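Chain IDs A, B, C and D follow the sequence of writing; residue 1 opens each chain.
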Amino acid sequence: MNKVYHNAAAAIADISDNAIIMLGGFGLCGIPENCIAALVKKGVKHLTCISNNAGVDGFGIGLMLEQKQVKKMISSYVGENAEFERQLLSGELEVELIPQGTLATRCMAAGYGMPAIFTPAGIGTEVADGKEMRVFNGKEYLMELAFDADFAIVKAWKGDTDGNLVYKETARNFNPLMAMAGKITIAEVEELVPAGELDPDHIHTPGIYVHRIFKGEHYEKRIEQRTVRKKI
Amino acid sequence: MALDKNQIAQRIAKELKDGYYVNLGIGIPTLVANYIPAGIDVVLQSENGLLGMGPFPFEGEEDADLINAGKQTITTVPGSSFFDSAMSFGMIRAGKVDLTVLGAMEVNENGDIANWKIPGKMVKGMGGAMDLVASAKNIIVAMMHTNPKGESKLLPACTLPLTGTRCVKKIVTELAVLDITDKGFKLLERAPGVSVEEIISKTAGKLIVEGDVPEMEF
Amino acid sequence: MNKVYHNAAAAIADISDNAIIMLGGFGLCGIPENCIAALVKKGVKHLTCISNNAGVDGFGIGLMLEQKQVKKMISSYVGENAEFERQLLSGELEVELIPQGTLATRCMAAGYGMPAIFTPAGIGTEVADGKEMRVFNGKEYLMELAFDADFAIVKAWKGDTDGNLVYKETARNFNPLMAMAGKITIAEVEELVPAGELDPDHIHTPGIYVHRIFKGEHYEKRIEQRTVRKKI
Amino acid sequence: MALDKNQIAQRIAKELKDGYYVNLGIGIPTLVANYIPAGIDVVLQSENGLLGMGPFPFEGEEDADLINAGKQTITTVPGSSFFDSAMSFGMIRAGKVDLTVLGAMEVNENGDIANWKIPGKMVKGMGGAMDLVASAKNIIVAMMHTNPKGESKLLPACTLPLTGTRCVKKIVTELAVLDITDKGFKLLERAPGVSVEEIISKTAGKLIVEGDVPEMEF
């Protein structure tokens, strides 16, 4: 059993046109920078991307948008991206916006073998259009289906050769959920250690969910909103 | 005189109770954190996966892996915890968050809220707003009483696509504090020096005014 | 905000007759020994207990069964307990047996505000009797409802004064799920530390789910099946 | 000669493939871990919340917090991880476990299995068995060909309450290896020295025998 890949290009080599892929991260935090760069280099097209956000101009999924590799985005929030807006308004890009908790839970449902979940998010709004509604204990819920993605691409802080993953701070976000949800899950990590080095009580994503892992290079970790206070 | 944004936040902060878990939206709601009353212990939830959000980091100490739901660099306080987005919205959906404060483009007299989309203009997406308004036990809206054109944002019926229905409990604007009741907006307090008449004139939805309406205290 | 209680008796003081309570643990592993002892001492009766197992004669929930405090057990496996068997056969005790994964997921559903989940477990068996069945992608699933418990009583390894919990090894089991699911959640811990001492990346149950916490005393941690090998 | 329990386990171990995640039930299935072929890397899942189960601890090194689904004290191997029971059954339900080996009281020619209840006698409960059989991609049953009364456990229809339906893929008994096919039990291998006639006589359900049936190899 060898899950360790040499680099991003090798790990994503079989992602082809029209694939449905999940990409972890919230904003630019905890995104799989190396895999995104490799997908841009490979030039794979007509992708359906499930990711909470669509990056910014010149970074994250924004890089794939610039190369017109994305056919459809499934996200909860897509602000801060002029190229995205241009493609959306011109009809080049299809967008499905869904509530953030629904997005997260539809990933989890896939990883937990649950075909559908119920959430009140979107009741009474256009998000509910065409969806099954159901009342439990007097409250209305929408039935939302588990995602079905070909690949999940996630970024962790540390990982081991068995595919176990540990995330850092809020870079966790959607990563463990998507890691569970992909038919093939590819993880890039800042630090790759031999199996046995991570504390089994501290592992966020058990290796059973991870098919490929590699150590990423040169993480830029761009900050979207640098907010600070001054030392007094 | 009408309140400024910081005063709106300060007035909302008076609603906090010891032990509350609170989710603060982007904009004015974020400012509420600056006015937490002394002796009151409140834990801030950030829906990207953090309980125990602290203030912005000192210059040079920003950590790209540590941001809030507004994508701003932040810090944590002792007792904080990180979790994934499914658990984060799980605790929101399960009603574990005691208070949610968010902004709005429109609120109607039933408590419906619109704050995510303006048709024909750019659609940025609802982010976590629909989850929050569908689940939170207690929602306070922080917003201006009127839009830039001077039109009331407190309406008989929202004109913009809804974010959620019958969910807002209280509204704090630069002019007034109002509850949403079965019978419409109920005026509770007015900003210092602001007349009841001005609030009436700027409220398009049904407004209940009973007896003397006190000025806000801070 | 003070969540810290002096001891088990104080933490469970308001659990009264007819309460529905969840008790963490798998077998005798990770069970809330102190709270069980306090419930026995308090003598509260007609309890509905949701717990994967029912203890053994003389330990765990078995102690509560001996005092005839339990009206109904909701469990997945109840072997290894003669007193349990006697009460069941005599009709003194009502038992609802449900698949272990269903039990776990119905706890999680409560903690995640999801009124129901779908699982294939029990399809074609008596577990499916009277339950709604539904087909997704050609596979049959049962709809199972979230639990609604008055109290969840869990045991963690370490906890802090804000209610954050960390579990050890397989003593985790149902504990984090039940911790999320109680209207009131009571946690007993082997070590209680000030808020800030636990690594925020390593917390299994965020404090928002925990209403009361205390340091337990004298953990016996009885082993149900002591299996060993000899050093060669 | 009929196999003993260890030989049944040994034969099942030949079905393991490198990289498999495997859940082993209580009884004979547990013994499979002792016969994992050299060069084959297999990760054992214990449904109470562990991936990477190791052998029993050395005497004096038992850890009450570290048990398997049979409540036995165990150890872990490098690369192991702990998780809660919802995630554990989540990975089972999502088909992430490659192979499940469990015991049975009865199996029928459709692959239905009964292994949790004998009406009128004590009911211990299904534990995780119903979840496992409803979700596993590949289920091998390890059991005796007949019950203590000498009655076949491979039936046209189960008589005991079912654990799951149409789920068993393969059966290994002390006499034979059989696949479940659309047309019934298919005899693949016989234990060394055991005749096809004996297997036929002890199999109540429909049994397909085609050509020469080879002896098992270990």
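Criterion: a residue touches a chain if its C-beta (ideal position, glycine included) is under 8 Å from a C-beta of that chain, and two chains touch if they have at least 3 such contacts.
Predicted model, so just to flag it, every value in this text is computed and none were measured.
Here A-B and A-D were compared by C-beta pairs in contact; the pair with more is A-B.
Rounded to whole angstrom, the centroid-to-centroid distance between chain A and chain C, based on C-alpha atoms, equals 33 Å.
If you average the Cα atoms of chain B and of chain D, the two centres end up 56 Å apart. Between the Cα centres of chain A and chain B there is a gap of 28 Å. The distance from the centre of chain A to the centre of chain D, with each centre set as the mean of the Cα atoms, comes to 37 Å.
In chain C, 105, 112-114, 119-120, 167-169, 172, 200-201 are the positions where the chain touches two or more neighbouring chains simultaneously. Under the contact definition stated at the top, the residues of chain D that touch 2 or more other chains are 76, 82-83, 86, 89-90, 92-93, 135. Chain-to-chain contact here is organised irregularly, matching neither a line nor a ring nor a star, and falling short of all pairs touching.
Interface note: chains touch in the pairs A-B, A-C, A-D, B-C, C-D.
Within the complex, the chain D residues that touch chain C are 46-50, 55-68, 70-74, 76, 82-86, 88-90, 92-93, 112, 122-131, 134-135, 161-166. Considering their complex, residues 26-30, 52, 75-79, 85, 88, 95, 97, 99-105, 107-108, 119-127, 157, 167-177, 204, 221-231 of chain C touch chain D.
Chain contact summary for the complex, chain A toward chain C: residues 105, 112-120, 136-137, 139, 141, 145, 166-169, 172, 200-202. For chain A in complex with chain D, the residues that touch the partner chain are 1, 110-114, 160-162, 164, 180, 194-196, 200-201, 203, 206-209. Residue ranges on chain D touching chain A, taken from their complex, read 18-19, 21, 41, 43, 45, 51-52, 76-83, 86-87, 89-97, 135.
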